[in-house]
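Presented below are the structures under discussion, each in the form of structure tokens.
There are two complexes below, and they share chain A, which is joined by chain B in the first and by chain C in the second.
Right after this comes the complex of A and B.
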């Protein structure tokens, strides 16, 4: 039934995994910067971070992807023309436009998660660290971070699921991931249901993998927590 | 690269013409999705393992796959079968709007039922024991104690889901529906002015997100009017 299309789907899945890995690192980066800005005493940084979360949580994902893809192409073309007036059009790779777009979107949710998790660190733990003579940096590395990631993990798992599912949207700007492969397969075989179900199964596999990993990490994180829950 | 204000003034009314379609998708699939979510919730709470199992598998599948794939399976995929084309549902499934509403309903139902379940599980056990002590039946307890309290607990998370449903309606533009995003994409294809068109449309969506948040905030305060003592 899928004769001849297995390898295309496999490469499509590899693209999904690549987008996921790249956007995950960017998402964590954006989330941490956003949380740091929101928790800082600087009113300007707070305003910017608030604007960031309002904009990216209130706009449809597909709009952000389209805007970043077409918008950056126009901007880069304009920049390139400054140096060489003969440039007609600069192509932006859909991989990076899409990856950055979904990282920005999910990063705005991660900002709130990280902020809440840092606020959830028990004041008693920080006072204990100070009593032991730890420097602020030591407190951050040995107390805040280990306590914070355990609080952030369950919602963070959901953010990872959103990321992997948002990958499908990047097919709209021509990224050759599984949904894109299915479109090509359909024009040849004329079996849309079969081809899209395969895409669904691939994504379900990714979601399952992420859910199971988060469960495993959660168990690892709570191994030393005695008497909790 | 320049920012053309006239283009915004020209295209904004055209995009707002699609507001009706966007709101139709949001309201119809929101309400149907809520009904589906309650059905799934009751299946999960029924205590019958086969009902619980069916609901769990359903939720797992619809939360584990992208909404775009679900839309494509329903709109492009289902007509592959003759049985679908001959069935009475064909009048709905032939139309992109019917398919979009169906996909959004099935999708949001899975998410909302988990939100409602969180609310039900959050209801204080002591209140249910008090209900039993007063001689209430299981059904009475569910209607008079669990439902009102669970609604209050689930409301903040539910408002977030309504917002993500609003954002998901934009995907209807991928199956030829002329909602606000669909019209915007047509305008951009004609004028090649993504900044002006997409940014002004993003602002329209943000206004609606803000409105939904405020609306639920009012409703939340109304439901919590008895609990406003502390602080």
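Right after this comes the complex of A and C.
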């Protein structure tokens, strides 16, 4: 039925997995930096973080991807020419443009999740830590972090699902992921439904894996009463 | 000192990303890769089609290495201008509108449009002189591809028409079959080969004549490039003429269609 297109879909799925892995790490990084900035006492950092969440939560994903892909190449080329007029162009590979774009978008949601989770750590736990004579660093490592990640996990699972689905958007900048494979296969075979359904199955596979892992981690988190209420 | 560190960072950025300079004779070619039979990727991962044959023929004559980049139609000209590639060989018609932004070589294929609709849609859309009759388009939904010559033609000729815009020609055929649109306007060579001659297209037919008004469809399909590259343009034109005069261009067309897709006068 998919005569000859299996391997293309497989490579497309590998691309999806790679983009997901890279953007997940970046998303966590952006989210943590954003949350730290929002919770800091520094008004400038707070403003920057607020601007970040407003812009990236409030604009369409596809727009961010296009702007980053086309805009970054033009901007970087202009900068490079300042130093070496012979430079014809500087390119940002579509993989990194796409990965950074979706990590920035989902990272803006994660910022709020991490901030909320950090504020959700029970004051009683912190007071208890202080009463036991723990230093602020010890409180952070042994009390705040373990409580925080348990609070953040369910919404964080949703962010991971958004992230994996957003990878389908990056075919627009020419990355050879599964949706792009489907489009190529359709123009040759003329079987749109078969080819699109395969894409659906691949994404369902990815999201099932994510959901199962989140469930597993939740179970691990619930083995003790940390954060229980 | 501060300037120096910025400079070092910039050099680092240039080195990290792939930087090319003018001396390399590698040209990157943008195409859709989803526009059979003109440019598409086969199940083996090979690029094929008329545009691809033309590109390979030109590359051989001008002695350059062509690298191919797959790019969606909507972003084709922006990507060329953003230096994502150097040439567009993607069945792009040479039109005045596009020439405001980019340059074109001479033509290597006709550019025409024709309306396709269900056989049971019994309306005369064109008068005997071949002009569309706006009144007869009333109540009919028309599907067009975004940012194409067909869309510009329709906008000007039939401003009141009920138009839906699509991202690819494949979606056009899908919605024509679904009945979401009653008519589509597209490339007749492609429509014949990929739709009307197949099972899915059995209930459909061409409506009205082939439209090739030069104002909208241009003199044909050419190779697009950024402006201000006169030397490159001359080399491409010479190569295309050589392909026409040697009969190679005709052989590319005859791999797919029982006729050639160019005029011999283009070779002079």
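Annotations for the structure displayed:
Assume the second predicted complex is superposed on the first by the 225 of 229 C-alpha atoms of A that agree within 3 Å, B and C clash if a C-alpha of one lies under 4 Å from a C-alpha of the other, contacts with A are read in each partner's own complex, and residues count from 1 in each chain.
Heads up, the rule we're going with is that contacts are C-beta pairs under 8 Å (C-beta built on N, C-alpha and C of every residue); 3 or more make two chains touch, one makes a residue touch a chain.
Everything quoted here is computed from the prediction, not taken from an experiment.
With both complexes brought onto chain A, simultaneous placement of chain B and chain C is prevented by a clash.
In the superposition on chain A, contact is made by A:92 with chain C only, not with chain B. Once the two complexes are laid over each other on the shared chain, residue contacts for A:146 go to neither chain B nor chain C. Within the superposed three-chain model, A:74 lies in touch with chain B and with chain C [touch as defined at top].
Once the two complexes are overlaid on the shared chain, A:180 sits against chain C while remaining clear of chain B. Contacts of A:120 after superposition on the shared chain: neither chain B nor chain C is touched. Of the two partner chains placed by the overlay, only chain B lies in contact with A:54; chain C stays clear of it.
Of the two partner chains, chain C is the only one that A:83 touches; chain B does not reach it. Of the two partner chains placed around the shared chain by superposition, chain C is the only one that A:5 touches, whereas chain B remains out of contact.
Of the two partner chains, neither chain B nor chain C is touched by A:216. Superposing on chain A, the segment of chain C with clashing C-alpha atoms against chain B, chosen from 165-173, 201-209, 219-227 or 237-245, turns out to be 165-173. Within chain A, the residues touched by chain B in the first complex and by chain C in the second are 66, 70, 74, 171-172, 186, 192. Interface residues of chain A, counted against chain B in their complex, comprise 54-55, 57-64, 66-67, 70-71, 74-75, 78, 161, 165-169, 171-172, 179, 182, 186, 191-197, 199-200, 203-204, 207-208, 211. In the complex of the two chains, the chain A residues touching chain C come out as 3-5, 8, 66, 70, 73-74, 76-77, 79-80, 82-84, 86-93, 171-174, 176, 180, 183-188, 190, 192. Partner chain A is touched in their complex by these residues of chain B: 1, 60-61, 63-70, 72-73, 76-81, 163, 166-171, 173-174, 181, 184-185, 188, 192, 194-195, 198-199, 201-202, 205-206, 209-210.
Residue ranges on chain C touching chain A, taken from their complex, read 7, 10-11, 13-14, 17-22, 33-36, 40-45, 69-72, 74-75, 78-79, 82-84, 168, 170, 174, 194-195, 198, 200.
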